[in-house]
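The data blocks that follow each hold one structure.
Shared between the two complexes below is chain A, which has chain B as its partner in the first and chain C in the second.
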Partner chain A sequence: MSTETLEEKLPEVAEVPKEPLFSSKNKRLLTDPLDDDNPITVQVLGICSALAITVQVQQAVVMALSVVFVMFFGNIIISVLRDIIPSRIRIIVQLVVVASLVILVNEILKAFLPDISERLSVFVGLIITNCIIMGRFEAFAMGNKVFPSALDGIGNAMGYAWILVAVAIAREVFGSGAISFPGIGQIKFIPDGFFEFGYANNNLMILPPMALIVVGIIIWVQRSRNTKLIEEN
Partner chain B sequence: MEALNIFVKSIFIDNMIFAYFLGMCSYLAVSKTVKTAVGLGFAVIFVLGITVPINFLLENFVLAEGALTWVDESFATVDLSFLSFIMFIAVIASMVQLVEMVVEKFAPALYGALGIFLPLIAVNCAILGGSLFMQERQYTTIGDATVFGLGSGVGWLLAIVGIAAIREKIRYSNVPAPLRGLGITFIITGLMGIAFMAFMGIEL
Partner chain C sequence: MKAVDNLLGKVRPVFEKGGKLEKYWPVYDALETFAFVPDHTTSKGAHIRDSIDMKRTMFLVILAMIPALLFGVYNLGYQHFMAMGQEATLIEMALFGFGKLIPLIIVSYGVGLGVEFIFCIKKGHAIYEGFLVSGMLIPLIMPVDVPLWMVGVATAFSVVFVKEVFGGTGMNILNVALTARAFIFFAYPTEMAGNKVWISTTGGGSTVDGYTGETLLGQAVERGANFYDAAGTAYASVADSFMASFIGLIPGSIGETSALAILLGAALLIFTGIGSWRIIFWGIVGGAVMGGIFNLIGPAYFPDNLYLQVPWWHQLVMGGFLFGVVFMATDPVSAAQTTRGKVYYGFLIGLLGILIRVVNPAYPEGIMMAILFMNVMAPTVDHFVVQANINKRLKRFKTLKTA
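For the complex of A and B:
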């Protein structure tokens, strides 16, 4: 018993000068992008391409997971290579890393989720030029160690993912009255009684412009709660 | 007639910004004044007009299934289309570099106007989006593909110049504080998109 605890303690003693695995600084890397430093509503990165697939929740979830995957492994790879990459050609190197990861995602989707892959059409490919990925490579992974970079990747991708899914939920609930899940079928969110009283689904929500307005409203709500984010006019 | 149809469609109905949200990052970042918006808009038209036809040739003579038969009959079953993302982005990045050098050498005035925007464009989603849509919609001739590229660029220019003009004026309005800047830009873009939906269904 005593030897066991001693052995367990030994590596800890050796690691004292290093920071613990989940120090408050590392935790902030994960939590900041969810609200205060959200890639979409605050950093204004990565709106491109993403909003077009928020018509349905399942598409949005698949897209969000793809971005989490690409961001996590991309940040790790760039962070590992950061001392080898010559700074003059770093953009090309970053593009090649993202493009290879996206090809992987695209082939996996084609093989296992052919329907959704069909509906996402070109937007999986467009993850390559999603500014949030290149933005985090430039701003974080090029100058930080592997573990913080991985956390930063997950944090930012999650910050992006929740906005995407929130927009999709708003659009599908108000646009179709129900959310369809693969395997389960549709789950109704608006009770039938409403329709008897003359409630009608807002078909405008399914059309592209409403995604922008929903994001505008999310930004409005977020900045009313978090007043330090308000911009000078 | 077919070409004109593609042109009008890509400007108004399949507008890069309002229908597909492509190139939103630069759209939001560079739309504070009309002057810079026009500069970036023309740079986008220019680069789309060059990269879409080049990627069309790449797609039809190298990447698509059976495209390599002009080299040898035995390549008829080779399908390289999984490589298209990386090839397209490589073409775009190198074309942007090349265009930048050519313009700097032969049209210094144009370079002065577009200069800062050209390198930004390599990572503009609208450019890669143009090539990917070209691949998906299977245009039959290089002429159609070029017209589609130029039309998408013009549509993008229209959108960014429109929002820049509105943002210049909105500075004098009393926007609720939390909506200032980004929020109101999103909502106005949405309203502009609804206006553009009036063009839906036009066939020439």
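For the complex of A and C:
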């Protein structure tokens, strides 16, 4: 598991007394999850939400922002509390933290973005069960100082977010032919001329199986660019 | 042949190691072995070889498809002129059919082999003939007027995602041709389902009164076994509509309508040992059993659902059931590998095919779903068959020891 490699690095981070704010190690906490250690394409976590809410870009963006919020504050809170959380009940404590943050997000969405909140339905609530979040709490925030934990939270959430948005863009462009933005309306990406020639929107793109295949394509492209990700067998 | 040999011999150095187009050796190799018997000789190990190789296998399968293909060509014209209420000669019907079918074949082979060539050149291994059969099956399971670009997209999708990413020919997890069909079915449902797509009504004139264009599968949902033909005339009896569908004069995908032509192909496949008779036989039995169950419980428990009352022997000749069981289910790569496994595999395909078709009218072509589903399940079937055998022998071993 890739989380273990991060844990091995932890003692060094803790031992070095004075470290520049954005040392190369801290930078890597931000950048690694974007590519080499991406939570979706490399660790294969959080797949369920990547399939469920990537039909429209706006949903995916809202979902991604929610996860960034929960992850960032959750990692900070857990990291602050890490010395006083009894290790026997740590999962429960982590669950309480993530649940309260998710409820907060859910209420905010309901109040300010009722349309999107309705369309996201249970999936905002299901952020609680998103394996990436609990995984980072358990693997990183429980053993690291606040600042690296915050960076790690943002890094992993952004790694999750960009995949989500990329998948959503592919699905909405080929599935609906246009991306709808709140307030602006739809912006067409497939020219009308195509439709006159008999082009049709691909319904399969709207169905969940195609999300899996789009994620697969991203993994394929990523691995052919970044050959160290390929496992030996 | 001599001229071809000369030509190939002349360009050979260009493709050989050190030549200008060395990268494209797989393409040259494929063309050469396609035209001539390979001149490789065995250098070690067993020297006695069966003369059958992949090319010959594929060629025999294509040969088995020829009756269905020719009948499909005729039927395209027959349905068209019947729906338009026009008289036409056999030649006219055949010409019409070829005009529709040949572009489909060209697109399917062009795209599929193109993708295959690209992958082989990239990976640097020889081009296998796996696509020869898939490329012929794809046009045969399409509705007549499906847009060509959709066939191209679907073919590329299924070759890449079902075959090439899993390792190329011999590694496909699903049937390539059926995946292409399922892709269009889900991606562009208006081109692959409903009443409009099965008979070509373009090209001047209007359809006759009473024309609906529904296939028998569509009709059965509302009317049970009271079928009518493309011109809207009802068949006199169930036996009549059975005969029409057995011979194949019904609307449907291009190659799937004629049970007779498909059975001719099945006979060749079974005789040459290329298609597993177990899968074909037990597939038909499975379909008959499910149809029989529906016939038994239909009138008593679900009198409103007329589909259940279509006689089981009629179910077998409707739609793509036979075509799927004979040409798709027997795909040696995606089918179950064990002898006993093939029995279960075939039986379940037949059973599920009829079950899906009757119970879920949204998926009239249940056999497609059934075969794809059983393709996925085939390794599981094999696992249990092997495990059962191990257990049986362990038991025998134990009784031996105690005795």
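Keep in mind that, in the parts below, the second predicted complex is superposed on the first by the 213 of 233 C-alpha atoms of A that agree within 3 Å, B and C clash if a C-alpha of one lies under 4 Å from a C-alpha of the other, contacts with A are read in each partner's own complex, and residues count from 1 in each chain.
Here, a residue touches a chain if its C-beta (ideal position, glycine included) is under 8 Å from a C-beta of that chain, and two chains touch if they have at least 3 such contacts.
Nothing here was measured: the structure is a model prediction, and the numbers come from that model.
Contacts of A:L113 after superposition on the shared chain: neither chain B nor chain C is touched.
Considering which of chain B and chain C touches more of chain A, the answer is B.
By the touch criterion defined above, A:T41 lies against chain B but remains apart from chain C after alignment on the C-alpha atoms of chain A. When the shared chain is aligned, no partner comes close enough to touch A:V165: not chain B, not chain C.
Shared-chain residue A:L51: touches chain B; no touch with chain C.
Touch criterion met: A:I230 reaches chain B, while chain C stays clear of it. Once the two complexes are laid over each other on the shared chain, residue contacts for A:V215 go to chain B alone; chain C is not touched.
Of the two partner chains placed by superposition, only chain C is touched by A:G198; chain B is not. Of the two partner chains, chain B is the only one touched by A:A99; chain C is not.
For the contact definition in use here, the residues of chain A common to its chain B contact set and its chain C contact set are 204, 207, 213, 216, 220. Of all the residues in chain A, the ones that touch chain C in their complex are 198-200, 202-205, 207, 213, 216, 220.
Interface residues of chain B, counted against chain A in their complex, comprise 18-25, 28-29, 82-86, 89-90, 93, 122-129, 132-133, 135-136, 171, 175-187, 189-194, 196-197. Across the complex, chain B is touched by residues 41, 44-52, 91-92, 95-96, 99-100, 102-103, 106-107, 121-122, 125-126, 128-131, 134, 204, 207-213, 215-217, 219-224, 227, 230-233 of chain A. Listing the residues of chain C that touch chain A in their complex gives 147, 149-150, 161, 165, 183, 186-191.
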